[in-house]
Amino acid sequence: MKKRALIPILYIAFLMLPIYWLVAMSFKTTNEILSGFSLFPQTFTLENYRVIFTDPTWYWGYINSILYVSINTVISVCVALPAAYAFSRYRFLGDKQLFFWLLTNRMAPAAVFALPFFQLYSAVGLFDTHLAVALAHCLFNIPLAVWILEGFMGGVPKELDETAYVDGYSFPRFFVTIFLPTIKAGVGVAAFFCFMFSWVELLLAKTLTAVQAKPIAATMTKTASSAGYELGLLAAAGTLTIIPGAIVIYFVRNYIAKGFALGRV
Amino acid sequence: MAKITLSNLKHSYMANPKTAEDYALKEIDLDWEDGGAYALLGPSGCGKSTLLNIISGLLSPSEGRVLFDNRDVTNLPPDQRNIAQVFQFPVIYDTMTVYDNLAFPLRNRGVTEDRVASRVAEIAEMLEVTDMLTTRAAGLSPDNKQKISMGRGLVRDDVNVVMFDEPLTVIDPHLKWKLRSKLKELHQRVQATMIYVTHDQTEALTFADQVVVMQDGEIVQIGTPVELFERPQHTFVGHFIGSPGMNILPTEMRDGRAYLGSHEIPLEGPTAVTGAAQIGIRPEFVQIAEQGIPATVKRVTDVGRHSVIESLVGEASIKAITQGTVPEAGSPIHLSFQKSQTRLYKDGWIASEASA
Amino acid sequence: MKTQNQKAWFFVLPVLVLVAFNALIPMMTVVNYSVQETFGDNLFFWEGLGWFEQILRSDRFHAALGRQFMFTGLILLIEIPLGVIIALSMPRSGFWVSICLVTMALPMLIPWNVVGAMWNIFTLPDIGLLGYLMNTTLGINYDMTQSPFAAWATIITMDVWHWTSLVVLLSYAGLVSIPDAYYQAAKIDGASPWKVFRYVQLPKMKQVLTIAILLRFMDSFNIYTEPFVLTGGGPGNSTTLLSIDLVKIALGQFDLGPAAAMSLIYFAITLLVSWLFYTLMTKDDQK
C-alpha cells in the first residue's frame, strides 16, 4: 500500500519542480539570477512583483485576460446549455453530423486560423477588443461545453422534464428553476474547462489584440524579447498567471474527474 | 464443502466503537450446516450484508472468529476461503465470452483445460446458457448476466459456500420466480451450502430451508419458514414476515390472564408474565364471529384472493383476513381469536408457553 | 428514447451561428488562399491545385510531418501508460484525493507560453535547475540550443509534464466509476492483480482512454506555442513541428498560398487519423 503511494508522490514532485523554479526565480534580484546558480533566493526581493503591480501595461494585461476569459466563459456556457439540451433530449435532422462537426473544430490547428481570424475580426471592426478574443475562443470552447453538458444532461432521467410539464411548468421556467439546479455540477465543470482553455490559449488572443485588450501572457513575450533578459520579472509575471487557475481548480476539484468521464465521444 | 461457524462475531465500521449502537453487528453466534439452504432476512441496514462480507472475507470482523470446518479462517482473504459470491448487480467480465467468464475462476486456479471444458459445459447446461457460450457477455440481458455470475460461483466443485447478496434486485419481476426456482433446483443438484441474503420475505421463504432473521445487527430468530410464520420468537419477526404482519396488541396482565379492554383473551398456553405485555396474533387467525370482542370496521381492502378488514377495538387496530363476505366500513362486528395461535410477548420476546 | 423534434434546431442555432462564424469564414479564407497566388497589393491569380501538389511533394513538408508524427507518437507512448499507472496508484478516497487532483491539474492551467518560458528558465544550462543539475552535478553535456537530442528530450519532457495529468484525471474518473463488487468478485474468482487490470479495470477505462488518446492526439498534433517559446523550432529545423513550420511560411515568408494549402492538408490529416481511431475503438460497441 505504502509503496504504491510513491508513484503519485514522485509524479507530483516532478510537476512541482519547474513551478518551484519559476516561483523561486521571481523572488530573486536580476543580479543574483545572472551571477550564477542558487537553489533558494539569497536576497529575497518583492521588487519584480512591485514592478508588475505599479506598471499599467503589466497589470492591465491581467485585467484584459480575466475580462475576455470571463466573457468567453459566460457566452460559451449560455449558448451551449440549450444546444446540449437539444442533443440530449431530441433527435432532429442532421443531429449526429452536427455534433461531430462541432467536435472537429477542436482539431483545427489554431495556427491555421490565426491570419484569417485577424482579417475577419478587422473586417467586422472588433479588432483589439475583449469581445473579439472571447468570440474567437468560442471556436473550441463551445464544442467542449456542449460535449460536457450533454454528458451531464444525459444522466438526468427524462421523467424529470415530463413531470414538470405535467405540473404545469412552462419550458423556460422548468429549465431555469428545475433543470439547471439538477445539472449545476455539469455547468461548473463546463465553465471550468472554458475558463481553462481560454486562459491558456495565446496564439489567437495575441493575434486579435494590439493594445486595448492585450493579454498578460502576450505582455510577457514582448517584455522577454524587447527589454532584454529580465528573467526575474518574467518569472514573477508567470507565477501570477498560475494563481487564477489554481483558485478555480480548487473550487471544482470534486467535479473535474467526473466531468471528463461523463462526456460522450 | 464445510460447516461454517461464527463465534462471538462483532463488527463496527468505526475505529473506536463505544456503545452498542456503534456496532453494525452485535455478538453473532451461529452455525451453518454443511449443504443447507439458508436465507438471511432483514430490513435494509440490519447488518446482513456486513455479515455476508465477513463470511466471504471481504471484511474482517472487529471481534470474534469465522471457522470453516473448525478451521479458523478469520484472517484469510476471499480467494483462499474457497467461497463464491453473487452480487446485487450482475458482475461479468465484459470483454470475455460467456465461456471465458465461466472458465475464469477455474483458470485462475490452474485447472487443466479439459477439466475446465467439462465443468463449464456441465454448469452451462444446468443454467441453460449452452447456446450463448460463444457470445460476448457484455451484450446479454440482466437475467442472463446474473445467471453467468451464479455460474462462476458454481463452476468450482470445491466451494465451501455460495453466497447470494440480493441477487434478484435488477431482474424483471416476471423472471424473478424463474431464476428463484432455478436456484432452488441448483441447490438440490450441487448440494453446496448456500446463503441467500434478501429483504424480501417471499424470496427468503421460498428459497430457504432455514431462515435467519436479523434486526439491528442481531439475530432475532432462526427457523423454518413455517416456524417463522406460526410462532415468531419476537414481535419484529411477526411484524416483518407475513402480509399484513402480525397484530401486536398492548395488554395488561391480571392474575395470569390477558385482557384487551374488559375482554379476556385466551392465550395458547400459560405464562408467568405480569404487568404490561403484548398479545400477538396473525390476521389469518382472526375471525369475524357472532360473538366475541366487539369492534368497529375502519377500512376494508380487497387484495384479490381475500380481503383485509381493519377494525378498531378501543384504541387498538386489529387486522383480519377473510375470504367470505365483508362488512361495510363503520359497521359494528365481533372478532374471535384462534386460541392456539394467540401468543403473548413481553418486551418484544415471546413469553407464552406453546400449547401441548 | 429520444423524441423526434425538428424544433430542437432552434436550441442549437446560437451555437451553430457562433461556431460557424468562427470556423466557416476563416476556413473559406484559407481555401480561397490555397488556390491562388498573390504578389501583394491584393492582387490574386488563380493557381488551381498547384500549391497542394507543391506542398505534397516538398521535402520540407515531409520532414515537418515526419517530426510531427514522431512527436505525437512519442508523447502518446509515454503519457498514456504513465497516466494509467499513476491513476491506478492514486488513493480512491479521502483527503489526499483532492490534493492529488488539484496539484496534478495545475500544469494544465498555466498559459502555454508561460509553460514554454518556465521550461526555458528551468533548463538554462548555467542557472536553470535542470540544466545546472545535468551539466554541473551529473556532468552530462546538456544544452538545447546546441544538441537536437537535448532539444527533443526537453520538448517531450515538457509535454509529458504539461499533459500527462489529463490522462491521469480521465483514467481516474474511469477507475472510480467501477463498482466495488467488480473488485470483490475478481478477488473471489482468484484473479491476479494483472488479470484484475486486464479484465476489470482496462475494459471499464476504455471509453475514457479513447477520449484521452483523441484529445492528446488532436492537441499534440496542433501544438505550437510551447515548443515555439522553448526552442523556436531549433537547433536548425530539428524541432520544427508542423504548426511552427506553417507559421514560418505564412507569417515569416508571407507565402499565403502554400501556407493555406498546407493548413488544409494538415487539417485533413488530423481529421482522418481521429476518425480512423475513433471508428476502430468503437467498432465493438456498435453491435
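As written, the chain order gives the labels A, B and C, with residue 1 at the start of each chain.
The working rule: contacts are C-beta pairs under 8 Å (C-beta built on N, C-alpha and C of every residue); 3 or more make two chains touch, one makes a residue touch a chain.
Keep in mind the model is a prediction, meaning the values are calculated, not measured.
If you sketch which chains touch which, the chains link end to end in a single open path, with no loop closing it. Annotation: A-C is the more contact-rich of the chain pairs B-C and A-C, by number of C-beta pairs in contact. Centre-to-centre, using mean CA coordinates, subunit B is 56 Å away from subunit C. Distance between chain centres (mean CA atoms), subunit A to subunit C: 16 Å.
In the complex of the two chains, the subunit A residues touching subunit C come out as 4-8, 11-12, 14-22, 25, 33-34, 36-37, 39, 75, 79-80, 82-83, 85-87, 89-93, 95, 98, 102, 104-117, 119-120, 135-136, 138-139, 142-143, 146, 196, 199-203, 216-218, 220-221, 224, 231, 234-235, 238, 241-242, 244-246, 248-250, 253-254, 256-261, 263, 265.
Of all the residues in subunit C, the ones that touch subunit B in their complex are 179, 181-182, 184-185, 187-192, 195, 199-200, 203-204, 287. Of all residues in subunit C, only 2-9, 11-12, 14-16, 18-19, 21-23, 25-27, 29-30, 85-86, 89-91, 98, 100-114, 117-119, 121-122, 126-130, 132, 136, 161, 164-165, 168-170, 172-174, 176-177, 207-208, 210-211, 214-215, 218, 221-222, 224-225, 229, 242-244, 246-247, 250-251, 256, 259, 263, 266-267, 270-271, 274, 278, 282 touch subunit A in the complex they form. Within the complex formed with subunit C, the subunit B residues making contact are 56, 58, 77-79, 83-85, 87-89, 91, 93-96, 104-105, 108-109, 139, 149, 152-153.
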